[in-house]
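Which chain is which? They are A, B, C and D, in the order written, and residues in each are numbered from 1.
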Amino acid sequence: MTSPTATLLISCPDQQGLVAKFANFIYANGGNIIHADQHTDFAAGLFLTRLEWQLTGFNLPQEFIAPAFNAIAQPLNAKWELHFSDTVPRIAIWVSKQDHCLFDLIWRHRAKEFTAEIPLMISNHLQLQEVAEQFGIDYHHVPVNKDNKLEQEAKQLELLQQYKINLVVLAKYMQILSADFIAKFPQVINIHHSFLPAFVGANPYHKAFERGVKIIGATAHYVTSDLDAGPIIEQDVVRVSHRDEVEDLIRKGKDLERVVLARAVRSHLQNRVLVYGNRTVVFE
Amino acid sequence: MTSPTATLLISCPDQQGLVAKFANFIYANGGNIIHADQHTDFAAGLFLTRLEWQLTGFNLPQEFIAPAFNAIAQPLNAKWELHFSDTVPRIAIWVSKQDHCLFDLIWRHRAKEFTAEIPLMISNHLQLQEVAEQFGIDYHHVPVNKDNKLEQEAKQLELLQQYKINLVVLAKYMQILSADFIAKFPQVINIHHSFLPAFVGANPYHKAFERGVKIIGATAHYVTSDLDAGPIIEQDVVRVSHRDEVEDLIRKGKDLERVVLARAVRSHLQNRVLVYGNRTVVFE
Amino acid sequence: MTSPTATLLISCPDQQGLVAKFANFIYANGGNIIHADQHTDFAAGLFLTRLEWQLTGFNLPQEFIAPAFNAIAQPLNAKWELHFSDTVPRIAIWVSKQDHCLFDLIWRHRAKEFTAEIPLMISNHLQLQEVAEQFGIDYHHVPVNKDNKLEQEAKQLELLQQYKINLVVLAKYMQILSADFIAKFPQVINIHHSFLPAFVGANPYHKAFERGVKIIGATAHYVTSDLDAGPIIEQDVVRVSHRDEVEDLIRKGKDLERVVLARAVRSHLQNRVLVYGNRTVVFE
Amino acid sequence: MTSPTATLLISCPDQQGLVAKFANFIYANGGNIIHADQHTDFAAGLFLTRLEWQLTGFNLPQEFIAPAFNAIAQPLNAKWELHFSDTVPRIAIWVSKQDHCLFDLIWRHRAKEFTAEIPLMISNHLQLQEVAEQFGIDYHHVPVNKDNKLEQEAKQLELLQQYKINLVVLAKYMQILSADFIAKFPQVINIHHSFLPAFVGANPYHKAFERGVKIIGATAHYVTSDLDAGPIIEQDVVRVSHRDEVEDLIRKGKDLERVVLARAVRSHLQNRVLVYGNRTVVFE
């Protein structure tokens, strides 16, 4: 599986023959499909598909694939993305003071659980600068408060551009990004420490304890201008009991947060996540 | 384990020596403790315990246990309940049109998963009358609407009294009980078809689908005057994906609902649930 | 989704163009694919796919689909099955004395969770005859022992033929079928009360208790001549603790057994299970 | 909860009055019980309990608690352990080449999820020496093969003595310890990468793949002379599908291994694990 691959993520109004048309495009050009999955949302009348094929032996040069596919996609009113596995995406990890998601992402990166470069960390605090240095990641301290948010977001956007970042991972960043920021840089994954939509907003573990729930969760989602309401990529839960104090919920929750965030980042980087409306299809 | 047992559920302000005092009461009277569990809520300053002992060989006659224990409990400001395993509780199952929780409870009752009598069913519909007859349970049709709610609740309370009911199980009853009803008959367990507090109110599966969650749940709780906000006894969840339509959520949810409700009813009937504030301790 | 559908389950040596070829066959004949999923087992060099399309508007009459597809499949050395959703499969449920899986299957059948007819029950005991009668299912008592196994299996096979049975579900039948029986009637799903391959053979709950495991499971699998070693369709687990005696494991296990068996039967009946070697692909 | 505590783990033949006797011992000496839990194994006729109380205000000096309790325990034929929370246990982590459990334990140690010192790492390889240095842990390379096992184990035992180690954690050590070693140093926790007793021995993920299971697991257990058969402390599982290759099982399994091992180590360090026969009670 070491041959580079191309991946198409397509959504278009449902109609007959879509599987055949898309598969033919790849087959006619000598491509070998190694993953094909599709889903029809009958209520929305939408056909959604992911096609991945090997580039070795594919007759179209990489730069011609997009225009060639566009000729097929346009008459179908299809929205689509094309990704190449040999283009390594670049991630910025944003943190605050907690290190569990950060350490976990760095460990998985070292273990090659996902392919990416992590050249940049941004934080409103200084606590994790040492970790960044330990692993050779540039660390930019951009403290944010009510008054300087606008200019600091400008600085953050500049950094993302300078480092050619494709994806921002909020690994317990604990700050709200403005709608304007999201409009300019929409590829942001956040980990929320509750089983959304339960306990939106701050202090979900305290709220969960107050409510006396028997299960807690964590949610990874794309960030939108609507707080904690973006498309959900992944969730998981763990059982708790009356014996668990708030600090136990926090401890157990950390294990959830890091694994849920990691799965979401990995699915995203493998181009397995297709967003439509406020929902995701995560192709497995 | 066939010897009848007594069970004390106690909550009182925390202080030294409580375990010793309560255990001594049983030991001094010749009782053999077969289950003892306790929990301290340090934030609330409360000590909560469950003690179960065999009545065979216990020197106090059953009718003297309560007054004797009261002499110990009062100086400690303890709230307590005393239950005897040879007093079989009587359940009324309230249903609407759906039969999955009903069938499940009846099957578990036949399989002796819990000890109780089920002499009464109440419903606002006629669909499940046949099932009641099939299993020899009296079925009372008490149709409720906005206008007749008050008088129908009076009729329901009368039935509960007439049948000497100890516990009402809302097995998908789909109607809201008035605060007044709950004040008069507080022992009511409901199954809510969501992972509370997510998706309170009606149509939780539709809301869950809309929100695009990756996990759905069900919650069994005591009913209070505050809708869907009573003390939670048990919850469980199941993973869903983009492939699941609303009807799949409903189907998967049914499996959750019946098992979550059954576990809650069983814990309650075994006197393992201690409510304090809006929380429960479920002793295992 | 009420239009009848056709479903192809195909496995064949992997090569380029398979998705396109199969999709074209359906598209060229005017079919609308509503579900397409595929999997490549790279180690085995096998391509495995499931295609389901609506028959309304499909230009080939039902009886010509198989020969037409065969013309495509043969040069590819493909093995395939063709199913029509308007052909309702017929199930025989085999039981011994325990009723939990039986009741569950009957309830799901009533709730239309799967489409099938259940005209026949076979048992080596008499205990569940009453349940069969209650739900209008023919009950045949075929007691089996070491000495009469051969002739009784002949009788069982005769019954399966007489009732035109497509699938045997061993809902806690607790008897071993001979290799000869399986050769003659291979479509048999069994529920094993352990997380296979742990605790093969008899009394798995006792063995699990002895071993002191913290989780127990159940496994639904196709029956082969190799005891408890057939292709696994579905498994699930539940957490246990030192507080659970053997009878608690049995009680908790029942909840697993019925849901695991039900999922396996449903997947099979929806033609979502493709067996190859000793493995299954369960298309979702 | 910052006051130091004492913890008793007791197992003794079941008889009347044990809860009272043990609680009285603590109460009579002015102790405040903050955790008390017990379990009766009726089949074995054994009473098992864990009692934790605050030392502040306790009238017996620490060094007199053991002899004083012994006077109570001996007539009851009780086996017991006494632990003090202000005695910090010392751990040696043994590794081979894989770093996921190691990193996880180190991160949890830093995050104060458990209280211990980690002064020593032992490995038969050199790969993780750098990690040890990074976190200031002494690293001893003790390469083991068939011929030198005996003398190398002597060296390992010497190191354990020299570093005053209380607990050895085999964090993917991948070597079998001799019965002789275990006899001399019995406090060893291992993480096995399967849902024991399924897939004992080497290469469990390959075996799980071959068998086509739908769920994989990990098991933390005390090491005994009987390979992979020691008392189980904790297990957990994760769902897999036909899409998961062996390397996916390994990747998913790593997440299990680290969390299962961490939970077991934490329970052990909090003196919550009581071993009897080949079983554990894990008091929560």
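The working rule: a residue touches a chain if its C-beta (ideal position, glycine included) is under 8 Å from a C-beta of that chain, and two chains touch if they have at least 3 such contacts.
Note that the coordinates shown come from a computational prediction; the quantities given were computed from them, not determined experimentally.
Engineer: Identify the chain pair with more contacting C-beta pairs: A-D or A-C.
Structural biologist: A-C
Engineer: Among the chains, which one keeps its Cα centre farthest from the Cα centre of chain A?
Structural biologist: Comparing chain centres, B lies farthest from chain A.
Engineer: Using CA atom averages as chain centres, what separation in Å is found between chain A and chain C?
Structural biologist: One centre to the other, that is 37 Å.
Engineer: Two or more other chains in contact with one residue: find those residues in chain B.
Structural biologist: 42, 241, 243
Engineer: Could you please specify the touching residues of chain D with respect to chain B in the complex?
Structural biologist: Touching chain B: residues 1, 16-21, 23-24, 26-28, 30-38, 40, 42, 239 of chain D.
Engineer: Please name which positions on chain C make contact with chain D in the complex.
Structural biologist: Against chain D, the touching part of chain C is residues 39, 41-43, 195-199, 211-215, 217, 231-237, 241-243, 245, 278-282.
Engineer: Which residues, counting only chain D, touch chain A once they are in their complex?
Structural biologist: 99-100, 103, 107, 111, 113, 134, 241, 243, 251, 254-255, 259, 284
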